[in-house]
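When the chains are written out, they are named A, B, C and D in that same order, and each has its own residue count from 1.
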Amino acid sequence: MSDTAPAPAPAFSRSEMMIVAAARELAGQRVCFVGVGLPNIAVNLAKRTVAPELELVYEAGVFGAQPARLPLSIGDPTIVTGATAVVSMFELFAFYLQRGLIDVGFLGAAQIDRFGNLNSTVIGPYDAPKTRLPGSGGACEIAINAKNVFVIMRQSARSFVNEIDFRTSPGNLGGAQEAEAIRRAGGWNGRGPSVVVTDLGIWHFDETGEMRLDSLHPGATLDEVRATIAWEPKISPHLQATPAPTSEELRLVREELDPGGVYTK
Amino acid sequence: MSTSKVVSMHGAVADLVRNGDTVAIEGFTHLIGFSAGHEIIRQRKRDLVLARMTPDVIYDQMIAGGVARKLIFSWLGNPGVGGLNAIRRRIEPASLAPGQTPLEIEEYSHFGMVSRYTAGAAGLPFMPLRSYFETDLPKANPLIRPIRSPFSDEVIYAVPPLNPDVAIIHAQRADASGNTQVWGLLGCQKEAAFAADRVIIVVEELVDEAVVRADPNRTIIPGLIVDAVVVEPYGAHPSYVQGAYDRDNRFYLDWDPISRDESAVQQWLKDWVYDLPDRAAYVAKLGAERIATLQPGSAPSGSVDYGEYR
Amino acid sequence: MSTSKVVSMHGAVADLVRNGDTVAIEGFTHLIGFSAGHEIIRQRKRDLVLARMTPDVIYDQMIAGGVARKLIFSWLGNPGVGGLNAIRRRIEPASLAPGQTPLEIEEYSHFGMVSRYTAGAAGLPFMPLRSYFETDLPKANPLIRPIRSPFSDEVIYAVPPLNPDVAIIHAQRADASGNTQVWGLLGCQKEAAFAADRVIIVVEELVDEAVVRADPNRTIIPGLIVDAVVVEPYGAHPSYVQGAYDRDNRFYLDWDPISRDESAVQQWLKDWVYDLPDRAAYVAKLGAERIATLQPGSAPSGSVDYGEYR
Amino acid sequence: MSDTAPAPAPAFSRSEMMIVAAARELAGQRVCFVGVGLPNIAVNLAKRTVAPELELVYEAGVFGAQPARLPLSIGDPTIVTGATAVVSMFELFAFYLQRGLIDVGFLGAAQIDRFGNLNSTVIGPYDAPKTRLPGSGGACEIAINAKNVFVIMRQSARSFVNEIDFRTSPGNLGGAQEAEAIRRAGGWNGRGPSVVVTDLGIWHFDETGEMRLDSLHPGATLDEVRATIAWEPKISPHLQATPAPTSEELRLVREELDPGGVYTK
């Protein structure tokens, strides 16, 4: 609008950085299974930036959604109107996910271990839980049957743990070699988790199947990273600095995708 | 042509839902049968086994109302908001009231639940699926069992059929025989209905048989398997009906603090369920202004031609 | 938004159907892909494995055209008329021409074929079903195998997935990306398409993406799995397209005497396939008068409202 | 129309008698799986006479059809327009037939034995057939999963045989006792064949599971019955005479259901 000097680099929250970083990881991907909340914003941001051809699949039974607003729930009517196809959940899970048509599935969890195994079922013993969590929903089958799994969750020592209390969604199991053999023998579509995007940085998985910090977000420190993780994390020798969100990325998040700031505060 | 199955919600629940029944009120975020759930609470049904992929606020309310002894599910949350606190209080030992029985649970993944209904609808003793590998779910639920393919020697998993005594399905429209049409999200309602012994259809609109017959591909449930048709506009509130009204997100957000406080929950049930005779009273209490905020714009499907062949 | 996949039938078949492929042209009495079958004959493809529940006249013609080495099917007849005589001549030893190889066959029931496609579409190593008990079919086809339920010790049957190299599906309409909508009989086209590695869609009408998006519940195949879209009005003749044209029963009746005489069959193929460049020429040869007899009256579905939610 | 003397009892063909007899057997039935040809006419006649509430199910995927004309093929567009529901064939076979919702399934065959076992697959050895027939289609699963099976076929010594060449559709197997035990153990929905309507008479199954002639059509003789059947048939001691078609039944068949006389010549 204005033809004068560029605006100063805008301030942004860690949630905003996390969403933007997750969206950028979707560059080049085609078909994405969208979860509610942060993944939903990240995927819709990617579609408006790095991955315009991205097809949005919602587990509720929608392929090729074009939501006109950010849905609060995973099954909002806005994901239906104007979609390419609406199908039964049997078809969605059987013909799209189990058949191997999904490139990326997003998962969050209450707990993750160094190999990317996820717990979204219980804290404490299953039969006498300290905290009862929502459970699998589609997470267990997304972890097994989406070609790539993107994890998006905030770091904390209670979440990034040495041992998860319940394995809801398999990651790299006890290590890459074991996981690879089991996936091949079992005919899984999935290759396991490929990235964990947190509020502090971006983790990929190394040849042993363990998380490795490859990029640190602006404002985050390695001390913070270590303080919010129960094990001694691997840090890439070529650690990058995550580029800050651009003004356009922030504008899209703030004005179009989460105008109420529900997820990005 | 056929006899009308149209009855009141009171009559349908009184006749068709019996203490101890396995009841499935299905509808994945869309078309959740709140008015039926409230009538079950109002009639103080007991010892039900409640099945539903996502128990949602309706089962939080029903379980708070004391109707259930057991829950069969795949995702236990208030979608987009948080947990289902009344249910959690019946599951977490530290939260149980003194002397209170914990809620029995039987837990699957989404596709596991869908596959259970599909096996039930298809008259199959099991349904195979490629889920559960290397997870703790089969340990938590012994009804998730390995099965070997007779062709490849591959071992995958199987779940057993789920055949509810009663399925309750909310829909946009049906005729008086129960021929039911839905558009928008379909969830697993068709499968749940075919799997069930008895089916209650609740609709926004009762239509002439000719409306159904004009677009037979839109029919998800035939009157053949339907026992009762209840006409209750806004019966899915606070969930939504594609094309008719929006999800009342404010209600879902408001439920969170209420549900954290047992006495607030009971007060809510008194105000909105026990003290009201029916859904019409609920809608009146909700108020025209609130309802008006939920009206969508128009997005017509367009018409296709089936052709007249004589 | 996406790149157009619209190509000629010649191009689609030349690029996507390869000698030796397993090809499924599905459509149960409705939407049978005659124009695609004729192009496969015209391009003299060889050694195909042809899969189809009801081979119908189209496979009788294709097998007479010499394109196939094997047939996978469940009902081998000219519906309402009699047998498929060109195929029978390749199966009955007494009818084989000297030196001619018999046609290999692999035979199921209807539900067995549907279940094979469903397993293929769902990525499952098998599909269980309650058919075949106490019949000779499992003896005739060793791919029909018993399977024990892990829940009830009941023994039922299972069939393996069928994953064609190519599925060819005729439909009322699609957009340029291949998002495909069908009304009327659905057969097993969705399952066959999801099961296949490559998918060719043939439509009566190419429509704007907005037409598809206005009624997403009508979509049976997403562009995601589609490789080519061919626009060929009357491409399903002599079968029919709900709302567009009627079944040409006269053709099915006429085929019976032709198909009993090998030289008459070859003459028919010359006149109606080899000597014509494409479907447009076939329709022109058929003539406007014949086409006019197949036009149905109008029977509109009516429109539903999906609602605009912003 | 006319108020004068009643019309003389009309002449009728044996096919017409067979169709009318089959239609009458449908009295009181609710949901019928319709086959092409003779069963189609019989079922549509029953719906206009003894069973107005009859719901017509076509294997092509139609429930509650109201065909405006007699379809030549099982999948004619006239069975779709105005139907109650049109569904995929998976749903039709799984949710309607296999689930046990079908009261009556109609079958024909090239061969039948005394226990109602049917062959519609081959004459001669399977691997080197003398005559290759259409095969099962839905017949094998209809025989197993429809609650009652009605057989409709013309009698001939080539068709009513001591031993069928291929068992496409199970009837009472080797006898009622064996069949009953197997059906119970296997959890079949079906109780097996309940009636065989031919051009000469009506057969039900006795306590041993064997066909027994209960009614002889007008004009047919027991000699004819015996000459068109390979075994010595059981004849009911209370053999009835099938009432001739009424004028109204004939009118419906001739004017509405098969005006071309394709099936009723």
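Things worth noting here:
We take it that a residue touches a chain if its C-beta (ideal position, glycine included) is under 8 Å from a C-beta of that chain, and two chains touch if they have at least 3 such contacts.
Remember, it's a predicted structure, so these values are computed and weren't measured experimentally.
Chains touching both chain B and chain D: C.
Chain pairs A-C and C-D differ in how many C-beta pairs are in contact, and the one with more is C-D.
Here the CA centre of chain A is 59 Å from the CA centre of chain D. Chain A and chain C have CA centres that are 40 Å apart.
Note on chain placement: the centre of chain A and the centre of chain B lie 29 Å apart, centres being C-alpha means.
Shared interface positions of chain D, defined as residues touching 2 or more other chains, are 62, 76-77, 80-82, 86-87, 94, 98, 145, 187.
Counting partner chains per residue, chain B has residues 123-125, 129-130, 154, 156, 183-184, 186, 190-191, 214, 217, 242-243, 246, 296, 299, 306-310 touching two or more of them. Interchain contacts (touch definition given at top) occur between A-B, A-C, B-C, B-D, C-D. On the chain C side of its complex with chain D, the touching residues are 28-30, 53-54, 73-77, 79-81, 83, 87-88, 91-94, 107-111, 114-115, 118, 129-137, 139-140, 154-156, 183-188, 190-191, 240, 242, 246-247, 249, 252, 296, 299. Of all residues in chain D, only 31, 52-53, 55, 62-64, 66, 68-69, 76-78, 80-87, 91, 94-95, 98-101, 145, 187, 189 touch chain B in the complex they form. Contact residues of chain B toward chain C in the complex are 123-130, 143, 145-147, 149-152, 154, 156, 158, 160, 172, 181, 183-184, 186, 211, 214-215, 217-218, 242-244, 246, 296-310. Residues of chain C that touch chain A in their complex: 1-2, 121-125, 179, 190-191, 194, 209, 212-214, 216-217, 219, 222-225, 306-310.
On chain A, the positions that touch chain B within their shared complex are 36-37, 59-62, 71-77, 80-82, 86-90, 93-94, 97-98, 121, 126, 128-141, 144-145, 166-170, 173, 182, 186-189.
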